[in-house]
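The letters A, B, C and D name the chains in turn, as written, and every chain counts its residues from 1.
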Amino acid sequence: MAREFDVERVRKDFPILSKAMRQGASLKYLDSGATSQKPIQVLDAERRFYTESNAAVHRGSHLLAEEASEAFESSRQIVASFIGAAEDEVIFTKSATESLNIIAYGFGNPDSGSLCLKPGDKVVVTEMEHHANLIPWQQLCKRTGATLAWLSVTDEGRLDLSHLNEIIDSSTKVVAITHQSNVLGTINPLDPIVARAHEVGAVVVLDACQSVPHMAIDVRELKVDFLAFSGHKALGPTGIGILWGRAELLDEMEPSLFGGSMIESVTMETATWAKAPRKFEAGVPNMAQAVGLAAAINYMSDLGMAAIHAHELALTTYALDALNGIDGLNIIGPNSMDSRGGTISFTIDGIHPHDVGQVLDQDGIAVRTGHHCAWPLMRRFGVSGTTRASFHLYNTMDEIDALAAGIKSAQKFFKVD
Amino acid sequence: MAREFDVERVRKDFPILSKAMRQGASLKYLDSGATSQKPIQVLDAERRFYTESNAAVHRGSHLLAEEASEAFESSRQIVASFIGAAEDEVIFTKSATESLNIIAYGFGNPDSGSLCLKPGDKVVVTEMEHHANLIPWQQLCKRTGATLAWLSVTDEGRLDLSHLNEIIDSSTKVVAITHQSNVLGTINPLDPIVARAHEVGAVVVLDACQSVPHMAIDVRELKVDFLAFSGHKALGPTGIGILWGRAELLDEMEPSLFGGSMIESVTMETATWAKAPRKFEAGVPNMAQAVGLAAAINYMSDLGMAAIHAHELALTTYALDALNGIDGLNIIGPNSMDSRGGTISFTIDGIHPHDVGQVLDQDGIAVRTGHHCAWPLMRRFGVSGTTRASFHLYNTMDEIDALAAGIKSAQKFFKVD
Amino acid sequence: MELESLYQEVILDHYKNPHNKGLAPEKDIQVHHVNPSCGDEITLNLTLRNGDVSSVTWDGVGCSISQASSSIMSELVTGKPVAQAMQTLENFSELMASKGTQSGDEEVLEDAVALAGVSKFPARVKCALLGWMAFKDAVVQVNGREEDQT
Amino acid sequence: MELESLYQEVILDHYKNPHNKGLAPEKDIQVHHVNPSCGDEITLNLTLRNGDVSSVTWDGVGCSISQASSSIMSELVTGKPVAQAMQTLENFSELMASKGTQSGDEEVLEDAVALAGVSKFPARVKCALLGWMAFKDAVVQVNGREEDQT
């Protein structure tokens, strides 16, 4: 039932967008790849939780505890149905980073049964992974004696699948891969990778940080086995992430955080675990943030993920066009609209990304500069960093015009035009 | 500069306290041991972060990122000075549970150098620990081959120190202990325990969940080596906790969560770490929650921790008196004001705690019932659970009168009076 | 007053005088269930004969709701064909999930309809289900065992 | 306009024509520093003679601020007694921490006062300090080595 997508109406829900920046410039927020802004509906939902229902969930027989548990568990339901998952498969973590680490710890625990890696086993990642989907696997391999291998990236910023069958071979137990690159904007072709992984009996871990906030996702359709994303990039609060896993795998996998609420029974010497999702949610959880994330998801669902996606693709088309018109600007990543999302990295001949960012900031244009937590990818492209513009549902063509104008004035200022 | 403590003025800052409960009853919130309520100042600080400065910290050269980083790091400063710590020793986690797990993982990592446990080493806890300060150590012992031992609890709910020197012996590497029991209210005598631990070269990990929100704490005076607490019990938001550790130990200790922002350098095959606190804060952090926690600390500091503590002691004195006047009520824990805080557990002859809680709930009295995540302690006292009333700065004598009256009507209802 | 609708007289009676409490020595199987959030426990002995539930005895600690519910359950299922007992369990689970919208079929659930009020208190539903879930588990395990033998 | 106060002409000059860039083959020590948040890197070769800084050469990638600052630093410390060079470094660090409240002592800091505007941009302070911190580390390491020999 998606209505016409009205960006001006959407923008009214985001109070920060009317903030005055340096010297009174208006904010042009093009850094949603790092974190998104939050609509007032999310802030209100969190506040309502605190002022009306705040109590420790699952731990009291009083009315507040009942309402808090209801709010928390119905948030879980909202997340589950948003990604096509069963409710008990959705685990609240603090971030995608934590979600991915939980999986990596699970695969290193001898009590995880057949999931536990051993020397000779292989973990496959890609050269475009965010550090959060790379270092946990490096550490897992170090702990277990397994080997880390990776799919490399082509000059166009695509995964090189020409050696797929050698890289993902019968020793491969885990394939951990990003859905959409946080640097290049590339949307990776999951079908052949998932098919190959499952052919050799490996599980597929999907880093969906940059896809869940921008397009409709169904974990069953993607056929992946685990999925992670962060709330703060999806219009939700900071301090919350999601870990989704297939029920059978969550059942087999050991938890990595131990404490209250995740137990079945405890003595001084030993303890047994509750079933998922509880097993993976030790301690009083981030209840208000779960409620806030559910509000963010409801906000996006009301607008319609298809409409949001279409809006962002239109922005990206417009932006690629505008940026390609600037001499001395090099797009790092796909320079066409084929399988890419609204994240564009670039370099400017003769100006360091930091300096580009600084000049843009002067005009209220917020971009990110540096290695974007994907240092190996920077080396792959022989750059020390890039400037990155990344879009979300509240961005406009005007902001892209401002970006292009800002880049040109940076070139003028640094006399490289 | 503590003024007269004016509980009625304080209560006005907590919107939830005017909530109408079942059948219109007013809320008597006596469950702060599980989680505290939040003053409006905390909610406003979080909202202000989102509407004025929201951006990923440490990651952008734009104004918002600058303001967000400033807000986040000055929150760290506020926490540090609240507990007498150096700024770089304060790590933002998601909860005390996570804080304690991070320490336990650190002591199990061979790269932590001399900190890493080996077979023959010993970890000492107590019989009154919350599961969050017990199970991580069980698991650490399991992973490393170290042995778990514990100080037992006397009938009065005090630690039995008569075998202190045998239990904490030269093989002991870690002593993990709660400052104040979340069940009994007992405040543990740290001096002899810390002295003995340091004598044998063990580090002391203090679970300060139930003390930091209620009394002035200085980590240097306590002479402990690590300390953990949760924001949500200290008037702060959910989804944030603190890990404090002595700089030398944080330096030596390996992190357990891997990803962005905690690195120094990364290749496809290996990575090195930034210095603490960054090393332990992988990913985009819980920025808004850090800001909220700082606001909570400022709120408490403004009132004065001494004044808060005095108010709570007065409540506890009054409550012990009121409860001791009820036939068939048994206090589980110290029945005097000597070294105890505002948490009182009890059982009622002939009525199960769940049923007590239910009757109290009917009158808007929120208590917690069950094992309080301290199952071994329940076994020690031969009960399946207790009813627990726990106080915070917003509680009043009237609420305690209501509690006593509620208990009596439960006895009447279940015909055990 | 809501309290009386939750704690009906019949519940308090079963609580004070629980039926089939105390474990019978003979049994096909014994199961032990706990409620991790409150620490309540039940041990249940089950005997089946010719496809009928011939004996359910139990012991344990718990609140009035869990004790009364276990007592009522043990009465309800004893003597019934297993399939019918499982159907009763289904009905009861549905009643507990109804959030106060159902009053229960007295023909099937007999005394257990007194527990209808529990469904309005989500935190107490697991108390009411503790004994029933133990019974269900016991049946599943006995049947599993029999299948193993064939 | 703030931008010109940040990027003064002298900074842009050092950026376009950095001094002492390119590593000299002879050295007492080589250090490598990175700025983990942006990926900028510097390699620095240091030679001391008779308690004086006799040569600082460097190479690396970075923004105009970090390049200009390294260039200025290398000029400032070369030929100075080590103790005086370290004092200059102290002065510069203080200026960078001043959040725009200081303009710097031109007697001591010479061209480096042009970097005063950087102190208003917390995210850029670490760019300006990259080369200086590498120099400091190099001095500490050489001195440590000498102590080891005594």
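The definition used in the following text is that a residue touches a chain if its C-beta (ideal position, glycine included) is under 8 Å from a C-beta of that chain, and two chains touch if they have at least 3 such contacts.
Here the structure is a predicted model, which means the values were calculated and not measured.
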item: Set of chains adjacent to chain B and to chain C; value: A
item: Of A-D and B-D, pair with higher C-beta contact tally; value: A-D
item: Farthest chain relative to chain B (centres taken as mean CA coordinates); value: D
item: Interchain centroid distance [CA atoms averaged], chain A/chain B, Å; value: 31
item: Approximate Å spacing (C-alpha centroids) for the pair chain B, chain D; value: 45
item: Geometric centre distance via CA averages, chain D-chain A, whole Å; value: 38
item: CA centroid of chain C to CA centroid of chain D, Å; value: 77
item: Chain B residues counted as touching two or more neighbouring chains; value: 22, 59-61, 65, 261, 263, 265, 354, 358, 369-370, 375
item: Residues of chain D whose C-beta touches two or more other chains; value: 37, 121, 124
item: For the chain D and chain A complex, residues of the former touching the latter; value: 1-3, 6-7, 12, 37-41, 61-65, 67, 121, 124, 127
item: Chain A-facing residues of chain B, complex; value: 15-16, 19, 21-22, 27, 29, 31, 34-35, 37-38, 43, 46-47, 50-52, 54-56, 59-65, 94-98, 100-101, 104, 127, 130-132, 134-136, 138-139, 148, 150, 230, 232, 237-240, 256-261, 263, 265-271, 282-289, 354, 357-358, 360-361, 364-370, 373, 375-376, 379
item: Residues on chain D engaged by chain B in the complex (per definition of touch); value: 34, 36-37, 121-124
item: Chain C-touching residues of chain B, taken from the complex the two chains share; value: 22-23, 351-355, 358-359, 362, 369-371, 375, 378, 384-385, 413-414
item: Residue ranges of chain A touching chain C (in the complex, touch as defined); value: 58-61, 65-66, 69-70, 261, 263-265, 274
